[in-house]
Every structure is written in structure tokens, then in C-alpha cells.
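Have a look at these structures, which come just after this line.
Each of the next two complexes has chain A plus one more chain, namely chain B in the first and chain C in the second.
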Partner chain A sequence: MTGLALDLLIIASLIGLAIQAINGASLFRGIIHFVVLGLAMSLAWARLDAPDLAMAEAAIGAGVTGALMMIAYRRLIEIRPDHDNATRTPRSRLALPIALASGVLVGVIGLAAIQAEPLPGQAGIAVLETLESTGLGNPVTGVLLLFRGFDTLLEITVLLAALLSAQAVTRQDDLDRSLTTEDPDTPLIGALLAIVVPLTVLISVHLLKAGSQETGGAFQAGAVLAACGVLLALTGRLASSRDYSPLLNGGLLVGLVSFILIGLAPLLYGQPLMALPGVWAVYFIESAMMISIALTLVLLFAGAASLKRRSRG
Partner chain B sequence: MSPTESVSLVLLLAGCGFYLAGTIGLLRFPDVYCRLHALAKADNTGLFLICVGLAVLSADWQVAAILALVWMIGLLAATVSAHLIARHAHGAGREPVRPRPDR
Partner chain C sequence: MDSATVYVLAAAVLFGVGVHGLIVSVHLMRKLFAINIMGSAIFILLVATSAPISGQTDPIPQALVLTGIVIAVSATAFGLALMVRMCQETGNASLAVEDEPENDD
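And then the complex of A and B:
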């Protein structure tokens, strides 16, 4: 009973927040509502017994995406200070029919999914049965790297492509701009960083290590590490730069390259493509992906070609 | 209901009360400093009470230690962000609302 009430509350707030996010009075409120929508969504995933998705949604959907939207909003305000006060564009006549049609579609799919009999030989059951022989305990990591490795490889590629596109449209003079609007050197910032930065690194390594057996994995760990980078950029410890450092480029590529190389290697021994040679390969690829995901997200946030330590004083 | 559960229930309800008070303060108080005061004080107490309530309910030292860590990180984040917002408001020349002297 309590569970049902909680579910209904989450559903109601999801719908309300979604409407507010696209229909709010101002762009800024829309962004805030979107971030809260992400948090409510992660609660929904947690209620659906999908802790991996809940964590990814909270870290990436609410956290990193929210930070990206806020920094985009700030740039927008700098370019067009009157934007937020501008009269809103009138709603299209198609909006209501499209919303209704989408609602009906989702409802029909949901009803069909609830009523459908589980088919014998479903992929999920096959994964759970074969998982024991792989040495991994977390079926999500198993699917991501062993059973559907191609999808994950393409996801990493899409992330890199997103960064390259962002770099292509970044204006050069934007790179010289500071990410912080005011002097960030209040004494509390140093104390905060001294505690939070080591803790973030600890949590992300824990998530990475836990990913093979329980909730966690490269995406969650990378997002937590990226949050640490965003914090460093916002507090002025990192500044955007035009200099491409080989170390940074290596870090951006290491996830994709190591996945491709380890995925190709089995061909030499007559094994099928992407048949990972063991749990060590999963750990290796996950670690490399964590570094690449974190760096990509931080660079997307900074809108920068590169990052450097800010010269103090 | 066992004694542990009733203690935990009282703590959780008290925590929710503090959160409610903090939220009402955020919505009703006149200026940014008062609102921060409501948030930073009431919500941290609410979080503390809820963490203690959950720790009592779990009856497990490991869970209690993790909840203590959660509370301390929340405290740290709330303190620094409230400080930064207040500093920014002060730098932007926002005057605190003062009670009128004739009252």
C-alpha cells in the first residue's frame, strides 16, 4: 500500500515536472525543473529495482547534464542578455495533438508490456544463466561489455563525436574566457576541495571496482569523476586552454582505443570479434572508459579544446 | 511496533518536520539571507534526524557509519554553497531586509 502510494507520488511528480520543464515561465526555471525531473527519474529507476540506471540517471541525467545546461544558459545570457525576458514563442497548434498521441502510444505499449507473457528463451534469462561462467556478478556490466559490447563501443564513440562537434563550433575567443564569474578564492573553497576531491576519486574507483559484482560501472564512475572536474573548473582550479596536451588527448582516446584493440585481439586466435578474453579485460576496458568518459564530460562542460591548471597569483 | 521502530519513526517524523519548516522558510522569508538561513539550518537538522532515524532502524554500525558520512558531506555542501550564494548576493549589493525601527 505504502509502495503503491510512493509509486503514484513519483509518477505524478514526474509528469508535473516534465510539464514544468518544457512549459515553465522562463528558460532558467525550465532547466531547474529538468534537473529535478532527473532526480525524480532516478527515484523511479530505484523503485523499479534498477540501481545501475538510477545511479547513472542521477549522475549523468541530473548532475552532468544539468551542469551543461547551466553553463549553456550562462553563455546564452552573455550573448543575448534580454533573452529570458523576451516574449515566449506561441505554442504550436500541433503541440496538444502530438502530446495526446504520444501519451496514448506510451500507454498502449505499457499495457501490452504488462499483459505480455514472458517468452521462453528471452535474452535476459540467457544472460543470467551464462553470467556465472564469466566471473562477473553484475548482469548489467555483463550485458554492457560481454554480451552487447558493440553497443557500448558505439556509445563511447558517440560521446567522442559529441566532444569533437562541440570543439568544432566553439569560438576561439570563448576559450580565453574564465569559467568562473568572480574571484573564487574564499577560504571555504580550499577546505571544500581538500575534502571533496579525494572523496570523489575514492567513490569513482569504488564504483568502478564494484561494477563487476554489484551496482556500479564505468559510466557512473566516469560521471562522478567528471563532477569532480566540473567542481575544479567552477572553482577556478582548472581553466580552459587552447593547447592540446598529448596526455589529455591520450586520456580522451584511451577508452575507445583499448576497447577496439582488446575487441580485435581475439581475431588473431581465431575467436569471434569482441569475445573478451576474461574478467581482467573487463576491468581494463572499464578503467580506460572511466577516464575517457570523465575527461570528455569535463571538456564538454568547459566547452574547451583543452584544460590546464590555472596559474595562481 | 518494536521500541526501536517507534524511536526511529519519531526521529524520521521530526526530520520531515524540519524539512517542511525549511521549505516554508525558503518560500516565505523576505530576502536571500533569511532564506539561506532557513535552508542551511533547518534542512541540515532534518537530514541529521532522518539519518539517525534510519541508522536506528537498520541497527547496523556499518550502515550508521555510512549515514554519518552522508550527513557530513551534505553539511559540507550546504555550508559552502550557502556561503557562496550569500557572498555573491552581498557582492551584488543586496541589502538584508531589516525590521522597521518604529515597530
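And then the complex of A and C:
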């Protein structure tokens, strides 16, 4: 009973926040509501027994998306300071019926899916049965890297494609602009960074290592590491740059390239494509992906082609 | 009513709210909120409808949704970049609405 009450409370806040995010008075408040919506989503995942998703939603869904939206909002404000006022919604007679119909459609599909008997050859059963022989303890990591590795490979390709496309539409003359306006050299910021940065790196490496046996994984770890990069960019330690940086580009590609190479290697020994040779390969690919994911997200945030360390003083 | 049914109904409502927002909002960022909310509704649907396997949740929908969350943030980031560029070019990040010229200022 308490569980159901908790579910209803989470759902009520999900729906309320969604309505507020879309229809609220100001755009900035909409962003805040959207970020809180992500956190409520992560509670919902926890209630649905999906801790990996709860963590991913909190780090990526709420954290990174929120940061991206706020920096985009700031750029809009820079272009046009009265931006928030132009958000009047027009009337549309068809909107409500269409929304109702699509909501009912989703509900009917979902209720039908719950009623349906699970098929005997369900893939999840095979995953849970064979997981022990692979040496991994977290079935979600197992699916992501061993059983449906192609999905994950394409996923980081999409992430890279998003970065390239975003860079293609970002104006070149904006790339040198700094992300921070305040004086970044106050002693407080230095002290804050001295504590937060090592802690963030520690947490992300822990998430990465934990991902093979329990909750965690490359995506959560990469998002936490990206938060560290965003913090460094906002406090002026990293600045946007236009210069080609082999190290940075290598970091962007290392996840994709190592996944492809390790995925191709089994062909040499007559094994099927993407049959990863062992747990070490999972660790290796996840570490490489963590670096690539973190760098991609930081570059998306900075809207820059490259980053450089800013000389201080 | 069990937890799965409750979350399926929640997904239905969230999807409806998202579709409604996508149609009525003028500002592109609100449209991005709406698309993300529709996506989240489908993610909840996928996980809530998966049958538990001997007490454990099915890992396959979870992995698919994890992939989906990352794809959603990629698409959102690209959408935001497009929106900022549009605002730079036209001075406006809203879609102009016919018959309501005051929206354009």
C-alpha cells in the first residue's frame, strides 16, 4: 500500500512537472522544471527496479541535458535579452484531441503488453542464464557489451555524429567566446575545485569499475566525468578553442575505435563478430567509452571544436 | 491495481502531455522539452511492461532504455545547437504563428 502511494506520488509529480515545463510562464522556469522532472524520472526508475536507469537518468537525463539547456538558454539571452517574453502559446483546436488520442494509444498498447503472456524463448531469460559464464555480474552491462554490443557501438556513433552535427551548425566566430563571465580566479573557486574535481573523477572511476558487477557503467561514469569538465569550463579552467588538438580528438575517438577493433578481432580466430574475448575486453572498452562520452558531452556543452587549458593570471 | 499498470497509465498521460506540448508550444526549446517528455513516456512504458524473470527485472528493456537515454541527449544537444543558430540568424527561436503577427514582435 505504501508502495502504491509512493508510485502515485512520483507519477503525480512527473505529470505536474511535465505540464509545468511545457506550459509554465517563463522559459527559464521551464528548464528548471524539466531538470526536476529528470530527477523524478530517476525515482520512478528506482521504483521500477531499474537502478542502472535511475543512475543514468539522474546523470545524463537530468544533469547533462539540464546543463545543455541552460547554456543554450544563456546564448539565446545573449542574442536577445527579452527572450523569455516571446512564449505565448496559440490556440489550436486539434491539439487536445490529438494528444488524447495518442495518450490513449500508448495506454492501450501498454495494457495489452502487460496482459500478454511472456514468450517462452524470451531473450532476457537467456541473458540471465548465460551471464554467470561470462564473469559479469550486472546483466544490463552484459546486454550492452556482450549480447547486444551492436546497439552500444551504434549508440556511441550517434553521440559522435551529434557532436559533429552540432559543430557544423555552430557559428565559427562564436567558438572563441569564453563560457564564463565572472572573475574565475577567486580563492573560493580554487578551493571548491580542489575538492570537487578529484571526488568526481573518483566517483566516475568507481561507477565504471562497479558497472561490471553491480549498478554503474560507462555511460553513467562518462556523464559524471563530463560534469567535472563542465565545472572546469564554467570556472574558466578550460576555454573553448579552435586549434586542432590531437590528444582531444584521440580521446573523442578512442571509445568507438577500440570497440570496433576489439569487435573485429574475433574474426581472426574464426569467432563471430563482436564476440568479446573476455571480461578484460569489457573493462577496456568501457574505460575507452567513458573518456569519449565525457569529452563529447563537454564539447557539446561548450559548443566548441576543441578545448584548451586556460593560462591563469 | 499493481505497479506496472499504474506506470503504464502514467506513461500514457505523459505521452499525451508531450504530444500536446509539441503541437501548441511556439518556442523551440519547449518543443524539445515536449519531445523529451514523449521519449521518457515510452521509456517508462518499455520497462513497466517487461515481465519480471524469476523475480529479476528483464535486463534487455533496461539496456535498450539506457541506450535510448543517451540517444535522446544526443538528439537534444543537436536540436539545441540548431535552435541557437536559428536565433542567431533570425533573432528568434520561436516558430512564427500565422494570424498572430504579435508573436514575432
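As a convention for this text, the second predicted complex is superposed on the first by the 309 of 313 C-alpha atoms of A that agree within 3 Å, B and C clash if a C-alpha of one lies under 4 Å from a C-alpha of the other, contacts with A are read in each partner's own complex, and residues count from 1 in each chain.
We adopt the following convention: a contact is a pair of C-beta atoms (placed from the backbone, for glycine too) under 8 Å apart; a residue touches a chain by one contact, two chains touch by 3 or more.
This one's a predicted model, so the numbers in the text were calculated from it and none came from an experiment.
Chain B and chain C, once both complexes are superposed via chain A, fit side by side. Vertex at chain A: the C-alpha centres of chain B and chain C lie 90° apart in angle, rounded to steps of 10. In the superposed model, A:107 makes contact with chain C only, not with chain B. Residue contacts after overlaying the shared chain place A:13 against neither chain B nor chain C. In the superposed model, A:169 lies in contact with chain C only, and not with chain B.
Contact with chain B, but none with chain C, is seen for A:186 once the two complexes are overlaid on the shared chain. In the superposition on chain A, the chain among chain B and chain C reaching more residues of chain A is C. When the two structures are aligned on the shared chain, A:155 is found in touch with chain C, with no touch to chain B. Contact with chain B, but none with chain C, is seen for A:195 once the two complexes are overlaid on the shared chain. Taking every C-alpha atom of chain B against every C-alpha atom of chain C, the smallest gap after superposition is 24 Å. When the two complexes are laid over each other on chain A, chain A has no residue in contact with both chain B and chain C. Residues 1, 3-21, 23-27, 29-30, 32-34, 36-37, 40-45, 47-54, 56-67, 69-78, 80-85, 87-88, 91-94, 97, 100, 103, 105 of chain C touch chain A in their complex.
Interface residues of chain A, counted against chain B in their complex, comprise 182, 186, 188-189, 191-192, 195-196, 199.
The residues of chain B lying in touch with chain A in their complex are 73, 76-77, 79-80, 83-84, 87-88, 91.
Residues of chain A touching chain C in their complex: 3-4, 7-8, 11, 14-15, 18-19, 21-23, 27, 30-31, 34, 37, 41, 44-45, 47-50, 52-53, 56-57, 60-61, 64-65, 68-69, 72-73, 75-76, 79-80, 83, 86-90, 92, 94-96, 98-100, 102-104, 106-107, 109-111, 113-114, 118, 122-125, 127-128, 139-140, 142-144, 148, 151-152, 155, 158-159, 161-163, 165-167, 169-171, 174, 217, 219, 293, 297, 300, 303.
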